[in-house]
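Letters A, B, C and D name the chains as they come in the text, with residue numbers starting at 1 for each one.
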């Protein structure tokens, strides 16, 4: 049996032995994830954040295998070999549908990457589909169902997509390492070894033993800290809003019949609000977007060209954190002031970033409508007792079910001084 | 200038250049801390927790130097060289008064180690006193005042003894490493580099910049996790209660005129509730206590001998976690049951451990009477703003000012089954 | 004084305070290094090896500052503030001239990146030049001289470019982390704190104290291990040879007047063997090369299109390690066999990779003509004694001055079985 | 099935499930290893080196389990469950016979700890023997044979005691961590996952796959660096020679009928050169030795009292590194000089420490008579090829089979200046 070993900054050796898994890794649809960054525009602010969705996918695959092996060995969860294989393949493929700067395009077009993942799995034209089908004709649909939460063993779905999934485990550790911060670290080994299964509707569900409560709490807190110190950091958001402004400008030009040149087909379709062909979509990656941005620095449209140069040279918009959102009059006044300073299209340069614009939760109890929460399993006088973690945890009280709002006004550095008086009453400055 | 470098598992190289510091390290009063463990009895449950107060003292010294250097370089805090030297010497000496299994003897005798630290500093007979006096005749008293909070620059006192002191920084990292857990880790480098000073009564006080709020929050949470997962862990407590029972038995024998043999003078005094001479106290360390325990395994008093063997062979009492404290009738019944199983002196074998028996706080706001809290300094529209951290922090809401109660009944393993029915109604079992 | 803090996976916080340094970081010529990977094609084999020359440049800047500060504080080396500033700017800029897949183009064109660095420094058109000149009119030339070894304090040159330079220190740690291996780790803190200066021609030269010999030895060994386990690993070389074959094909087409389309100007010039304008060269990065490779998958030239697809989908050539280089007859036979299997242009698909093709040395003593070696400074009976490290070191005996040869024949996977019998006598297989 | 988890600074969680293993851990003979340090006197120089043989034994047990599991899963080595259980028990017990400051007593008495291990295993009076016998009557003898190399599967013996054994793997990592140095680190995960088995006399033998050569080389080098930077460091040796001098003085007094008081029976026997009863030996640990040293500070014998105080207060002898051993005349002169300075018994204060006094090898090829060497297994043209690692390794050339000599003269600090001229010609000074 031949084994291929990937070397990974987060997990060290990631051995692959199943030929199906190796064929999936080598499929062009997965290889393209090498050209799509895990954290989108964050590399602009964090010099190390160049890690890709490909590396993350391998990490999630690896953690799924470790979790299933430990569930079997330590918690006695019975698992058929083919069920395990299905689980690790689903983990590997969970992000297959992501496009370049995925979240930006989702905001721009309202279409989600999950739909693309499903098309990749179920279209006979993709190598991913063919490899899965050759292994087992039921697998393409089974994995699509599993990822969408429409079927399959609930335990696998919990591991793939819940508030305790291996996706979060990998990205917290990976993003933390690559961004050079320690906020996202938690005790992975301990958390994995305390996983267990409890009876649930449709089969066993994922839970954590009472001994693992501390590890689970610090996993949730790691996510909380990553949100507030990295994902929502003003430097991260500054990088995202400027690329968003640029793409919105390009989109407006495309829709107005003044498409900038060059413009790969799939990118044109996305910017025009149309859905590209699967083949075109799969040909698109961040190389194309960045190549376009490089070319657009010489575009006749002054705003497009200026924004492109700003992205490439990291001349980002400046953040003005606000105690409350600017009202429409304020926003209009800010845009006029910015326009008066030589920005003919101020709507692309003046942006309000709200934390709740972004769908997220560091942890949500079921009452707050979150994904499958984290269950703690204990034994009391011989009876199994299963409680939702926030009901048992003092330290999580502060962050569970709490609505978060945070407003940042972004303006060009050149306009910052002139804009300040217009938002002075709700300004929040930090050292 | 000659330099001596200590190698430390937590901080790597700890260079010492000041001859006064090196002379203090070499003083017999400090060298004895090599024979006193940082975590008392925890080594019985955590095989790695053999680290000493000597290593911890070097670590605190090192962190004080780093903190003062960073405050000067990055926050512009002006510090005289002699003030810095005084600060690092105070840090090195802060635990000088600890005796063997210090907290146990404090419980047994009601006397605190701080009083011994002060005697060591101010008694002309100690090498520590002589070294300090030769450097500057005012230093022995100045360091005693600084440690007691009676005088000296408030900034130094905050660094030595507050909820943001370098003592906590060192012990969280050291205990975490040696106990083989990751709960106590926080981003030390970041926390240190975000220290700053704000105007206060009597001079600048310690604070953290707004950029460091995340690091300070995770420092507080590290302490919370260490309390609940290590310091209050039932295995830790089991080790402590059995040695406590043994020392109480020895104490009762001494007071009854039946002192076990051998018994070093200072230990006899402590067990009799008398205060030993300073010289005798300084001659006492954990070698003596353990040597006595080894000898007591052959003592004529059956209970003393049995408890001694249990300590040495790690046959600890068993923990029964309870939802509420046992009432006096329950406790009497438990002791009778244990006595009936062949334990003539059940009061030493049956112990109730309450978390609030132990003075601690993972974090206390000023309203809750804690030590100097953590201040966050930010700048808003040109004005310095200083807020207590829990007022700014969502994640700390759950653990600030919250009273904690936790009850564990400890009984001999042989009696566990027989005792269970007596406390069944408030029993709490974990997987 | 405002401070900007970069967060780095290797070094944690990298604070920048000098406005000149910050302006250099923000210069377009440096920002483009974000689009040039440190390890060229290695990301194809090591999923984490996406780190850029920009992050490496920041790391080298940071290490230079740490080294100079420690030399001053611990070894008493006197350094003017402006000399320190010059040193850290030179460190930041040392790789400014690198282009996309730099070593490949150096092989293809015979031109070195050092010449481009010099042009960037000395051309009045670059922002880098302007920023330096505004700080001090002598700096552009001074830094160019320093990097080229033509002048300036020898100590700075040793730190920038010798067998003990901060460049190697950063890349060993960075490449090791990102490739997910531990081979490149050495004790950075210890090595830095043992740096010292000894009298030399033209001023003090860099050396290591005798206490640091162990740290210096393991630094050299880290480089040895990285060469043999990563840089020369057959997976690394497989990625490089296929891109090299592709670029050589493109180059041959350009020279034959059949330039593939699209082809950015600077890339066309490089492929044609001409030297592009500085502005064009600076506009070129790996985005352009990868965008071209993506476009070439649809090129009319079958070989170019096929090689492009192989690069993007990681269908690399297969390695056949050989005990000795294939002789010309063997090589001709291999190419004919490969051609017969449907590869019309076998010279691009069959390549012999020799370790000594690549200029390197893990460590070379002066006798072997290496860069400035590592000197160990000790004191014997009051006299300074300076010895070259390999003269003092038992453990380095094996790897100093030893010529290394290693031959790998690369062929398409489809042709491997057919080629095997042709090289069987010198074949070296590993488990 | 109940599981007990030990938390370890080196390996994290060490789960134990086999009741036999747990009973062995809890046996008094193993619990006493908590009171015996892994590195003997090194704690005097390295403040963190307090780790015990108990923690090391758990680590070796853990690594044996991991190695056997990986050999089975990755290299396909067939292993009966009982064979695995025997192997991990042997690993746990391999150091059971060590006494306090074991190597010192071995030098003093010429008796080895291995003989004691065998007595513990085979004497019906020990709990270890009883636990093993209850599991399987053949186990006590089988484990004794395995450890002594007299029988049992060669693969298990190689893992227990060869130049690639799990004993070395644990102690290098543990000593390195606790001494606060990085020299002893190697890639444990990689090394373990590259273990394999090759056909040998009497059954499969341990080997490393060719892919693991780098990991094996750096494992050997880690040992080399630990020897020269920690185990043979003059600070380590200074701590050992002074305790050796003290024990030799005590031994001479005992033999002269002037035994110091107190003196536990087993210690008296050892100092008198007699073999104590097994029970007495097992009652002896470092608590007794240190308690004796504390009491001896008040001994009537002036030399014994003085050396005892020096040990407790870390006033060690000073090291004078020499190019060549002192000749008898020199040594006599040095002793006379030291005596003239007020040391009536100079033979205890003047000691020559030679590296080759100590039995060790960082790596020895079979030709040099080392323990079972490290074999590298590769496949060449379908045939297994097994080579001794130093035959394949360039980097090991320097340190294989090389005799090492190193001489350090230790004298009291007070006598250093006076002694210097007597050894000036062969003096070696370091910065």
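The rule we apply is simple: a residue touches a chain if its C-beta (ideal position, glycine included) is under 8 Å from a C-beta of that chain, and two chains touch if they have at least 3 such contacts.
The chain list, named the UniProt way, goes like this: A, B, C, D = Phosphohydrolase.
Every value quoted in this text rests on a predicted model; they were computed, and no experiment measured them.
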{"item": "Least hop count linking chain B (Phosphohydrolase) to chain D (Phosphohydrolase) through chains in contact", "value": "1"}
{"item": "A-D or A-B - the one linked by more C-beta pairs in contact", "value": "A-B"}
{"item": "Greatest separation from chain A (Phosphohydrolase) - chain, by CA centre", "value": "D"}
{"item": "Chain A (Phosphohydrolase)-chain D (Phosphohydrolase) separation of Cα centroids, rounded to whole Å", "value": "50"}
{"item": "Centroid spacing, where centroids are CA-atom means, of chain A (Phosphohydrolase) and chain B (Phosphohydrolase) in whole angstrom", "value": "43"}
{"item": "Chain C (Phosphohydrolase) residues counted as touching two or more neighbouring chains", "value": "12-13, 181, 190"}
{"item": "Touching residues (chain side chain C (Phosphohydrolase), partner chain B (Phosphohydrolase)) in the complex", "value": "3, 12-13, 15, 74, 189-190, 193"}
{"item": "Chain C (Phosphohydrolase) partner contacts - residues on chain D (Phosphohydrolase) that touch it in the complex", "value": "181-183, 185-187, 190, 196, 209-211, 214, 217-218, 221, 224-225, 228-229, 377-382, 393-399, 402, 404, 424, 427-431"}
{"item": "Sites on chain B (Phosphohydrolase) touched by chain D (Phosphohydrolase) in the complex", "value": "6-13, 26, 28, 31-32, 34-35, 43-44, 46-48, 50-52, 54-55, 58, 177-181, 262, 283, 287-288, 290-291, 294, 312-315"}
